[in-house]
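My questions all concern the structure below.
Each chain carries a letter (A, B, C and D) given by its place in the written order, and its residues are counted from 1.
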Amino acid sequence: MGIRAAVAGASGYAGGEVLRILAGHPGFEIGTLTAGSNAGTELGAHQPHLRFLRGRVLAETTPETLAGHDVVFLALPHGQSGPIAEGLGEEVLVVDCGADFRLADPADWEHFYGSPHAGTWPYGLPELPWQRDVLRATRRIAVPGCYPTSVTLAMFPALGAGLAEPDVVVVAASGTSGAGRALKPHLLGSEVMGSVAAYGVGGGHRHTPEMIQNLSAVAGEPVTVSFTPTLAPMSRGILATCTAKAKPGVTAAALREAYQDAYDGEPFVGLLPEGQWPATSMTLGANSALVQVALDERAGRVVVVAAIDNLTKGTAGGAVQSANLALGLPEELGLTTIGVAP
Amino acid sequence: MGIRAAVAGASGYAGGEVLRILAGHPGFEIGTLTAGSNAGTELGAHQPHLRFLRGRVLAETTPETLAGHDVVFLALPHGQSGPIAEGLGEEVLVVDCGADFRLADPADWEHFYGSPHAGTWPYGLPELPWQRDVLRATRRIAVPGCYPTSVTLAMFPALGAGLAEPDVVVVAASGTSGAGRALKPHLLGSEVMGSVAAYGVGGGHRHTPEMIQNLSAVAGEPVTVSFTPTLAPMSRGILATCTAKAKPGVTAAALREAYQDAYDGEPFVGLLPEGQWPATSMTLGANSALVQVALDERAGRVVVVAAIDNLTKGTAGGAVQSANLALGLPEELGLTTIGVAP
Amino acid sequence: MGIRAAVAGASGYAGGEVLRILAGHPGFEIGTLTAGSNAGTELGAHQPHLRFLRGRVLAETTPETLAGHDVVFLALPHGQSGPIAEGLGEEVLVVDCGADFRLADPADWEHFYGSPHAGTWPYGLPELPWQRDVLRATRRIAVPGCYPTSVTLAMFPALGAGLAEPDVVVVAASGTSGAGRALKPHLLGSEVMGSVAAYGVGGGHRHTPEMIQNLSAVAGEPVTVSFTPTLAPMSRGILATCTAKAKPGVTAAALREAYQDAYDGEPFVGLLPEGQWPATSMTLGANSALVQVALDERAGRVVVVAAIDNLTKGTAGGAVQSANLALGLPEELGLTTIGVAP
Amino acid sequence: MGIRAAVAGASGYAGGEVLRILAGHPGFEIGTLTAGSNAGTELGAHQPHLRFLRGRVLAETTPETLAGHDVVFLALPHGQSGPIAEGLGEEVLVVDCGADFRLADPADWEHFYGSPHAGTWPYGLPELPWQRDVLRATRRIAVPGCYPTSVTLAMFPALGAGLAEPDVVVVAASGTSGAGRALKPHLLGSEVMGSVAAYGVGGGHRHTPEMIQNLSAVAGEPVTVSFTPTLAPMSRGILATCTAKAKPGVTAAALREAYQDAYDGEPFVGLLPEGQWPATSMTLGANSALVQVALDERAGRVVVVAAIDNLTKGTAGGAVQSANLALGLPEELGLTTIGVAP
């Protein structure tokens, strides 16, 4: 008998990706699936690529329908996880793919989300140097945002090793699934295809405080982040370009060494060979982050580029990776680093 | 009788775009078309969208085949314009869409292109404050690179007005036509679609010195540029995100005013209304640049985003705009600011 | 003073394309713009590529707001044109881009649209052999559907010359703008990109009776049409593949001759040279249809492929082409056959 | 110890997909990898998504380098498999992803490929009613072409049950990876994106005789196929629309029943619920074919649409499925039916 897992928000993109990963995971058994406005319909109408679950009827998302599982994955709109989580037993592993429990500072939450802060849970990024022990001992996990995952993995080695100034500029391109299945005009295929668009410019994106929180913790001092997200004509993928002034005397070799030190033992993060730069297609459907780093001597800057699949390492894969740790399973179980390309 | 124009490199993307624009221009008559390895074939085999010229046979690219025209547009691989231009009469207007005559510093040219410097021609960016008079009096024009067009238009108002520090970070996404019709694996549709990829990271892209040259001239002091280009899954378009530390005391209102001052009279550059951010689709096939600016107070940075069509305002449209000036025609003749959307 | 034109439904894709074309048309002056739920907002919020009209406030769509113009272009959801048209004077040229007045048989209308039939107006496809005279003498024009435009232009020469059996199979790929700006999950970029999907299979698509009506009229006998539409990952374009059994003894040469005869004088329809096959990119933003024909001797079938831009020749360009005729202007005025490629 | 597998042509798209599947297959151990012009380089330069093999150096493709394996997967340009296969021992399972051994009639081969016929091997489509026993007893497998896989799976139930006339019209859209990693202008991203294009029209595509061979075998009489392939702007996927006249008296219920009978026990072919139509995204990266069928009563035609991933079920997945049978492994081992969506 496997570990019994429920998925709340199963008709959305994040929920569908959790199910896609659980399907190939030997440790889990898929239990109740729930939805919001799609409750009462069959999963096959929303996730036709998940044929093995097509006849499953979606229940309403309540603590009661989610009861009786060992793990509950929440893939809900921001702000909805709090009340649901309260109704789930303390012995249940709750993995929240939403933003509700990511931020430590209630003021940040209220500023960016405009509602009362639900709390702070252990942060599901095992690659942060101190985080695996935390995750092995918890029953509550806040899965990182997709952009913060890519940016944190890109910058923490340089900041942690004191090679870059704590003033980071990030410009990232995301596929449209990062915005979820929301019916908004700017997410229509006709608008998205053939076009790259900026949005949330000037510090307004909700993932900014999460990046600051992570990078400041790594650097041991307050880090400034200027973050500009852009929407690219692809369904999946994030390419994050991150740059900061190099500290005086930093060499390309020292920089590369810091990244090798950080990632040599990591199962899901890869430093590319010199001369090869990340493309999001290398990570499609995979729980991997691919990183490359350069020292721009003329501009005096460290430049790091990271590619992930926003739905996999950026959401559902990261969720399962952390859940594996919390459940005492091998961290890599059921997860692949092999992308679907071309 | 119109002004007689020849196009060298007519089977490539830049040459095709010059022809597309000339077709709708009331002042020009299309003369000789030339090509490299495609010489001897009909244009229709390479540019099937230009039906009105489909039977035209491509001549070889030599000073002799290009003689006898009032204007010659060169759309050749970098390094080939020099020898051709030398063989064309001084009275002929020569408009070079390549890089050969853009850089003032021979050392920059040799470092980035690895060949002897051919010279420096008047720079075809009429929006630079002093440049229209120069262009009205020349018979030689160096058309700006596509990335430098977008970045210069994005940053010169802030730098020119002294509102931003002279240390600029640029991350830009380009459509694949920016790389021309080169048969390279990473430009295949299978590789490009569904993926954003970094390249030329760390200061290695050849357009970097051109950006530095332009922005330093505007700022009146040396400007540092950290430039990271990325390849996006679209045929056309550049979205450039540019950021620099705000000078002390700069306000959002002052910033916006600088851009209004710079662009209110410009026919081809538009500052978007507050709250609207550029998307490349807004400029598809149009000779326009759309710009938006924000002050990120928390990060202390000016953030400017600009969208252009790399083949139109970024190459062929910019070329015709400057040629109009040099020929004493209205600057806007034959050029549109209306994009093809959605 | 130009001819004064109003556009109803200006915030949609078809209405936006009408405006894009009118902007480059020397004969028209753009008057009132109206919308449904977007009434009261500025056009720039919906059509940022149409910068020259960005401050125009959208009126409600009523006969009163549309009064006082020489031409009214209706780009409304199906079923809404009837009541509006009734309120417009008989002397006003009304050009309906919707389906309301296309079908001659009320039973067809009611079967496919499920509402009472509004009537039948002269059909705006000037390439039908008898149609130009009709259009020159009318004040009411029903613009053809995008799929029927491509299919009729593909098949009428073969059927009209008696070279193909009256039993046609059509499979067509369309860009997503053909579905309008409707907020439906299957039109989201995340769903559309990287995927071709079938829909309306088995004869259910509403454009089927219109194809049958056109082809039967040309053939002089009832024509059967099996039509399968598919949605392709592009914003614009239709590629229609049409095939019918060749009549006994038909040769490839006779077939080609029929198409040359039909299209040699046509300004907007082009028969490609032998060996070259249509791609929708050849027609992007252009009022042109590109056609190629082959005889498959082994299968005994005529195969014809046609490419158009669904919003231009398939909707707004076709509308202006017919309006030119009705207004006594040159048919080609303000329209281009040059696509935006690559 | 696993079954030792070599892959010839490992730097191409088909070879890469074989490796992606083998990586998740518990039965195989990956041995020698070979290439043509890429011999001597590391796999990581060509297949960066296959990180676990990135340091593997590609050998030259010869019988000698491929010796010493239990299975050899050939993913070579057409015409190259024959000589290699001759040099491999009879006890080795050779699975040819190329066309060389698919056709039974040497005249067909010579007509379409223009070279001498290498022979005919058992055909790797287990879903053909009689084929599993054949595949269980062979050491040579000819993997079907990607288009014939989709078309055969779409049409054999209707033809096998005598419900459709043996005169089939096929129009299929393919992603660009179907053309391999060939450096041809029409495969460049700039040409492909935003465009659907026809090619090989009129019976000229090399997959046509293979479709005729399969469908004639199923129907028990000669079948005519009119096949038009089109290139769609996506990396992967085939959507095949297939239609034939319904035999007299055929009902929609009888048709659906035939497909249920054919596919109810099939692990990799799914008949969609009524009302849902295939999209290629449902099968991305999966070894599955999704089929839907309709009776167009007005046109008197059976219409069947099938979606596959051309590289998975259409090539590498099909290859592994057949290899599983030949090796006595469970047919489904290492293969998934779950697509990567959105």
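To be clear about the criterion, contacts are C-beta pairs under 8 Å (C-beta built on N, C-alpha and C of every residue); 3 or more make two chains touch, one makes a residue touch a chain.
Chains and their UniProt names: A, B, C, D = N-acetyl-gamma-glutamyl-phosphate reductase.
For clarity, every value in this text was computed on a predicted model and none was experimentally measured.
K.L.:
Pick out whichever of the two, A-D or B-D, is joined by more C-beta pairs in contact.
P.N.:
Of B-D and A-D, it is A-D that has more C-beta pairs in contact.
K.L.:
Report the chain whose mean Cα position is at the greatest distance from that of chain B.
P.N.:
Farthest from chain B by mean C-alpha position: D.
K.L.:
Test of understanding: which option in B-C, B-D or A-B shares over half of the contact pairs of A-C, residue numbers taken as the match?
P.N.:
B-D
K.L.:
What is the distance, in whole Å, between the centres of chain A and chain D, each centre taken as the mean of its C-alpha atoms?
P.N.:
35
K.L.:
Mind checking the centre-to-centre distance between chain B and chain D? Centres are C-alpha means, answer in whole Å.
P.N.:
44
K.L.:
Scan chain D for residues touching two or more other chains and write them down.
P.N.:
In chain D, the residues touching two or more other chains are 13, 177, 188, 190-191, 193-194, 233-236, 279, 281, 284, 342.
K.L.:
Quick one: which bits of chain C touch chain B in the complex? Just the residue numbers, please.
P.N.:
Residues 13, 16, 20, 23-24, 44-45, 47-52, 54, 177, 193-194, 235-236, 270, 272-273, 276, 279, 281-286, 288, 290, 336-342 of chain C touch chain B in their complex.
K.L.:
Over in the complex, which chain A residues touch chain B? Could you list them?
P.N.:
167, 169, 171, 173, 188, 190-191, 193-199, 201-203, 208, 224-226, 228, 230, 232-237, 239, 241, 243, 277-281, 284, 292, 294-301, 303, 305, 307, 342
K.L.:
Enumerate the contact residues on chain A facing chain C in the complex.
P.N.:
13, 175-177, 179, 181, 183-185, 187-194, 233-235
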